[in-house]
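Each in structure tokens, the structures are laid out below.
Two complexes come next, and they have one chain in common, subunit A, joined by subunit B in the first and subunit C in the second.
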Partner chain A sequence: MTLDLVLKRSPDAAYRVYDGQATIVLPSHASVHVLNPIGSFIWERLDGSASLSQILERVLDEYDITREAAEADLRQFVGSLLNQGMVS
Partner chain B sequence: MSTPLDDLRNRNFSRAMPMNALFELTFVCNHACSFCYNCPTGQKEMNTQEVIDSLRKLADLNILYLTLSGGEPLVRKDFFEIAAAARQLGFAVRIYTNGYLIDEPMARRIKAVANPTEMEISLHGGTAATHERLTCVPGSFQKVVNAVRFLRQEGIKVNLKCPVTRNNQEEVLEMGRLAADLGASIIFDTVITPRDDGDREPVSQMSSNDFLERFWKDDAYRAARREDVPRPRVDHGDEAICGTGRSSLAIDPYGNIYPCVQLRRKAGNIRELASLRDMWKSSPVLIEVRQAAVDVAEKLKAVKNGDQCGFCMGVAELQMGDLMAVYPQVAVNAEYRAKAYEAWKEEHEGEDPGGVSTRCEM
Partner chain C sequence: MSSSPVATDDRAAFLARDESRVPGDFEPGDDYFATPREPFGVLCLRLEIGPLCFVLNGLSDDQAAVLAKRFRPFVDTREKEVEEGAPAADLTIRFARAGVDAFLAAPRGEAEFYRMGRRATGSRIAIWSYEFAGTADIAQGHADLALVDADGPLFERGVENFLRVLTALHILKHGGLLVHAAGVVRHGLAHVFFGPSGSGKTTVTHLSPGDTILSDDLTLIVKAEDGYAAAGIPFGMAHHRVPDTNGCFPIAGLHRLVQSPEVRRERIFGAKALAEIACCLPFVMQDEPSAGAALAIATGVVSSVPIDRLLFRRDPSFWDVAQEAAGG
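For the complex of A and B:
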């Protein structure tokens, strides 16, 4: 996956953020996901305006985490969102 | 073992951060059910813009689950405009309908525009004769069956809801089979409630004790209920018995705000509020019912079969004039639930079926 990708949350996904945790409902899959704070931070920025590399920089600004770890987590997380049709 | 969603729901519940709203879009209905609890006042119902403005305020309150109800919500000509706005505002939408207007094109449109997490459809009998005796609309039974089929074809989850009365109690098993055949789940409610104006006539139609004993105890009904034994409520200490005014709220077609659909104490009018957030924190009505829900949980510990009471403060107030009074329908159901639970334990010596911590959050 290239970090130049610009992704957008699926319009199917209904969500709210409670205490920094995004709660996402996907009617088509009859599923509900609760993201951890970093996942929620990324999710809220997947609005079709920023590339994954730009979002990675925001994560590094916000959280005390190494670039390597943040990038690996971002790739894994976004890959999972893509697989589940939660972003496109 | 609890899931992250359970943990989040419990945290929000404890801190009275609401996640659910039920919006009665209209009291107009194309059925005439004799036990309907709605009591239209003749006031002007909210127009499209007022409803959409109200949805914005609910989104600002961080409501996630929005139930569009009625009356019959699909009779509103602007229903899909409202549903589209709800989706746009990020709600997970549920629709509570009698299904009468849902043909194949309508089911497709519901999927495309509202994309509901689930549809709830009323079912009043396992046969056309019984269902239609209660709805007073010829052909309405087949309309429900067709509606469920069309919605399932679209991949929409359907829950059938059946208030059980003397009139349909002998068709519960048939309704359970019908739901299974249609790929829908079904919920039987054996506690009939008075009308919102306090009229107790619907309560007189409550199912017989003989039926309740069978319903809660007999193997044949377990599949229909989709549970093996009526489990007692788990005691979580000072937890409220339900989410009224805590995790949920209800709005009627005139904009009046209530702690929940059953507890009709007006907390305000959404049309008159710039923001719901202040009202949610400071409303004396909401503060009182939240505390009452904690107090009643404590009170039920001292009531016979209290841990088997599916207690509703709204019904208690409407019927008994006291938020915390145990009303006959809940007491008799609790009695037969407790008997069934004891019988199950005798049959399964040494086994513990555990308890339930589910609570009403409508």
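For the complex of A and C:
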């Protein structure tokens, strides 16, 4: 997965962020997901305006974390979202 | 990063539903709903359910009598003279003969989930199953219900299934939710015990013999002046209780039922509480607009009502910990 990708949340996904954590409902999958704070931070920025590399920089600005770990987790997370049709 | 940002808490399917198709199904299209149909009669019945008001039109004498008895505490029995002072109906539903023997093909011996078809376009929704097909314009407040049978179990089941869905959708407009939950009133305060089928909702009502039961299956959460209140709905189907009252009661707590050898209460907060409730909202999670509206309302509920996971066993001891939510 290239970090040049610009992804957008699925319009079918309903979500709310409460106390920094996102609760996401996927009607097409009849499923509900809760993201941890960093996952929620990324989710909110998947609005089709920023590349994954730009989002990675925002994560590094916001959290005390190494670039290597953040990039690995970002790739894993976004891969999971893509597999579940939550972003495109 | 101490923890991966992947989804931390994925839930199983929030409600079992079956929208599969089988040979012999008749799925009513827009042309079916646009065709005028013969009403059963000229009577009407007015139901008041929490803040909702439904008017059922086109009923025969027998149907009006059967439904008035079945929905008794929720029927507005005021004389016609005072009708002008009554609140405007949220929804007027015209009952009519379906003109077909069935919509979805009936199960052939083997057990199956109750199947229900659904199509939504803007504020219009069409719903159909074996014995009924209905369409409603949520924004305009009009609905049509075509029923295969004029009386008997299929008539009553079709009416209740359609009205349950409309209740779940319409209560969103009032800032409320229909929750898969038992509602029990003790000392004037409502306890809402929610969870999927098999979690113990009916058991809880059986273990509360001296209390007012709002429902053992579906409970309304409605916006009140000071927080939220709970109310029952009359559509209990044949196997659920119809409540003795249509009153609204302040909510002491929402309890996610978990059967367990031990009895205790674990507070849950924020997104996890929101997810627990979202998993128990029937009929509104099938598309993004209503799911988004329901999540927004549930967020308000989570921020003002204590929510917990209530570990309980089949005896009344759960009340000792449930009432901690009310400070009692």
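Structural remarks
Throughout what follows, the second predicted complex is superposed on the first by the 88 of 88 C-alpha atoms of A that agree within 3 Å, B and C clash if a C-alpha of one lies under 4 Å from a C-alpha of the other, contacts with A are read in each partner's own complex, and residues count from 1 in each chain.
Just so we're on the same page, a residue touches a chain if its C-beta (ideal position, glycine included) is under 8 Å from a C-beta of that chain, and two chains touch if they have at least 3 such contacts.
What you are looking at is a predicted structure, and each value in this text was computed from that prediction instead of being measured.
On the shared subunit subunit A, the superposed partners subunit B and subunit C overlap sterically. Contacts of A:A14 after superposition: both subunit B and subunit C are touched. Of the two partner chains, subunit B and subunit C are each touched by A:A30.
Counting the residues of subunit A that each partner touches, subunit B and subunit C differ, and the larger count belongs to C. When the two complexes are overlaid on their common chain A, residue A:M1 makes contact with neither subunit B nor subunit C. Subunit A uses residues 11-12, 14-19, 21, 23, 25, 27, 30, 32, 34 to touch subunit B in one structure and subunit C in the other.
Interface of subunit B with subunit A (complex): residues 3-5, 7-8, 11-12, 17, 19, 62-65, 87, 90-93, 115-117, 155-157. Of all residues in subunit A, only 11-19, 21-25, 27, 29-36, 38-42, 63, 65-66, 69-70, 73-74, 76-77, 80 touch subunit C in the complex they form.
Residue ranges of subunit C in contact with subunit A, taken from their complex: 1, 3-15, 17, 269-272, 274-275, 278-279, 285-288, 291-292, 294-296, 298-299, 302-303. Here subunit A touches subunit B in the complex through residues 11-12, 14-19, 21, 23, 25, 27-28, 30, 32, 34, going by the rule given at the top.
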